[in-house]
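Right after this note come the structures.
Both complexes below contain chain A, partnered by chain B and then by chain C.
Right, the complex of A and B next:
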């Protein structure tokens, strides 16, 4: 790495880590959580990104990092490689260029891929249940387990995943060397309720289950706690400097009422976060939607164990209840970044910094993941405003 | 999917990171003439990657 890029990398990292630790760095850090925005800005189709890792990890990110001077980012714009999904015949994602127009965002086909009668086998041994029951349901190539096609698909899927991780490692090295840049997170995990409610039972299934078979739901979530801690740590490759990403879904108000939230959502999520923190790993509590009613409960977590990302949660209340003990991150509205004017974006960022960042422990970011409709001029204005008003 | 009977598990209560317990593999390997830990270390490493691949399809 050249001396100037190494210096830049170290400056940004020191700034970011200081803010995560509720401290006051030289300036408020600015992070971009970019996805389809990066693709559109870089001039590629969504099919290019979903299907060509060279475009996803290198070409699109080159264009993005050359233009946007951010302290940290969320890595390549697309998490899912179409080639890997085709190798196994994954049935729940539709991709641009395959079933969808080349510029249509991927679609997730939610379903009850786990059935109510699967709970016992899942609880007994979730890893085995996923391999023997869940994967054949979501992977068309596994329809006849043990067949030639199924065996080929299993080998191909695992190889594809290893290839994808290798490309990611090479890309991370390039981002650091050429741009002094890094990803804001290492590793991924989930709230146990979301593990069940997102990909396994689906929203309809889990909402029925908490009424009909609540004890099974609780037992399954108990089983998930150590797995979700382990998955977060293992996917971070042992790193404990940067937070693990936990995107939070069904816990946003009002998917569950507060009583259900207290009973089903929070206890096991809290234990996952505490378990990670006991092992030195902080969580990026990516609170999509509105979490205002739950702030007092979230404040029960150990100091500094999370970075609380604000989307539509009341920022005043978040600051009052969590500020000083947890770093806050957010929340430039995506609507403003799409249809606002650059001056309006700058005014919003100035207000954010003036009102919430004075004591440190604050990071500027968009409220939610940036979509293709974000205006590059507005994203640039967001960054410029941080440089202009964010110095301590 | 309706009407499909849940498959019976071979193993119970495996900890995270384990797909096939080392103790089970050890039975297959029989007498180990060299250092058992050298062999176990590699086994455990591949267990972890296999586990992560299986769970990758859930944690998304």
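Right, the complex of A and C next:
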């Protein structure tokens, strides 16, 4: 690594880690959750990104990092490699250039891929159930588990995943060496309620289950607690310096009523976060939507165990209830970044910093993952404003 | 007896609701009367959602309970929705496949007696226009979650204008990202993020109060 890039890397890392730890670095860090914005900005189609890891991890990121001086980013624009999912015949995803127009976002086909009568088998042995029942349902190539075709598909899928991780590792090295830049997170996990309510039972399924078969829902989530702790650590390759990304879904207001939230959403999520923290791993609590009614509960977590990402949560209340004990991150509105003017973006960021960042533990980021419609000049204005007004 | 069914729906007691419906059918009650009581129960659910007592999970549950009721009642009456004469077109804009909010609004509108033409998800602008022409609907609801798709909402409004239909319909946009600024940008008439408020808004429009 050239000395100046190494120095930049170290500066940014120190700044970022200090803020995560609720401290006051030399300046407020700015992070960008790029996604589709990066693709459009770099001039590629979504099909290029989904189907060519070279474009996703290298070409698009080069264009992005050359232009935007962020302290940390969220890695390659896309988590999904179409080739991997095609190799195993995924039926729950649709990709640009295959089922969809070359520039249409990937789509997840919501369904009840786990049925109410599957709970017992899942609770008894989740891995076995996933391998023998769930995977065959959502992948054409696994329709007959144990068959020649299914075995080949398993091998193909595993090789594809290993190839992708290898590309990611090479890319991360390049981002550090050439741009002094790094990914803000390592590893991924979920709230047990979301594991069950996203891909397995689906939104409607899980909402019915908590009324019809609440005890089964609880037993299934119980099984998921150690799994989700392990998964968070394993996908981070054991790293404990950076936070693990937990995108939170069904716990946002107003999905669950407070009683349901207290009873179903929170206890197991809390234990996953505490379990990770006991092992030295902090959580990026990516609270998409509005989490204002639940802030008091979230404050029960051990000091510094999460970074609380603010999307539509009331920032005043988040600061009052969580500030000082947890780093806060957010919340430049995406609509402002897409149809606002650069001056408006700057004003917003200035106000954000002036009001909430004075005592440290604050990171500027977009409220939600950036879409293709974000205006590059606005994204630039967001970064400029941090450089301009964010010095401590 | 009537109140018992209304209450069971309002309390989201699925088992009791379905039991009461079967009992009343046995006792010779008219299916439409049963539907009317369920509708009143759903109205209470909507009010409770509005005042913050109920949440989305509760709305989804009431939808499911009503679906169960209709299944029991289906054989007993020709399925014809009582219409207030107001047709409403609803759809999720092109590029977007999120339909939770849209489906709940449709369900609440149907419970209130409206005739809703559901265009589904990922609806192209020209399909909205074609359906306005075909059905003569006076109200169009466009649902959008991804900010990415907001430009298609604008395209739809422009296309409606171009077809000479702009003053014949009221256009409401709904969904997570919509606000004053996006309303202005798209050129729609109203916006709403809250499903129950959206239904109230549509009722006021239908009654000519807006």
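Just so it is clear, the second predicted complex is superposed on the first by the 392 of 392 C-alpha atoms of A that agree within 3 Å, B and C clash if a C-alpha of one lies under 4 Å from a C-alpha of the other, contacts with A are read in each partner's own complex, and residues count from 1 in each chain.
The rule we apply is simple: a residue touches a chain if its C-beta (ideal position, glycine included) is under 8 Å from a C-beta of that chain, and two chains touch if they have at least 3 such contacts.
Note that the structure is predicted; figures quoted are calculated from it, not measured.
Once the two structures are superposed, chain B and chain C can be ranked by residues of chain A touched, with B on top.
Of the two partner chains placed by the overlay, only chain B lies in contact with A:115; chain C stays clear of it. When the two structures are aligned on the shared chain, A:212 is found in touch with chain C, with no touch to chain B.
With both structures placed on the common chain, the touch criterion links A:65 to neither chain B nor chain C.
Looking at the shared chain after the overlay, A:256 reaches chain C, while chain B stays out of its contact range. In the superposed model, A:338 makes contact with chain C only, not with chain B. Shared-chain residue A:373: touches chain C; no touch with chain B. Taken together, the chain C residues at the contact with chain A in this complex read 12, 14, 53-58, 60-61, 64, 95, 97, 100, 146-148, 150-151, 176-177, 179, 181-182, 185. Within the complex, the chain B residues that touch chain A are 1-2, 4-19, 48-60. Contact residues of chain A toward chain B in the complex are 79-80, 112-113, 115, 117-118, 120-121, 124-125, 127-135, 137-139, 157-158, 161-162, 188-190, 195, 198-200, 226-231, 234-235. Residues 36, 104-105, 107, 203-204, 207-208, 210-212, 253-257, 260, 289, 334-335, 338-340, 371-373 of chain A are the ones that touch chain C when the two sit in their complex.
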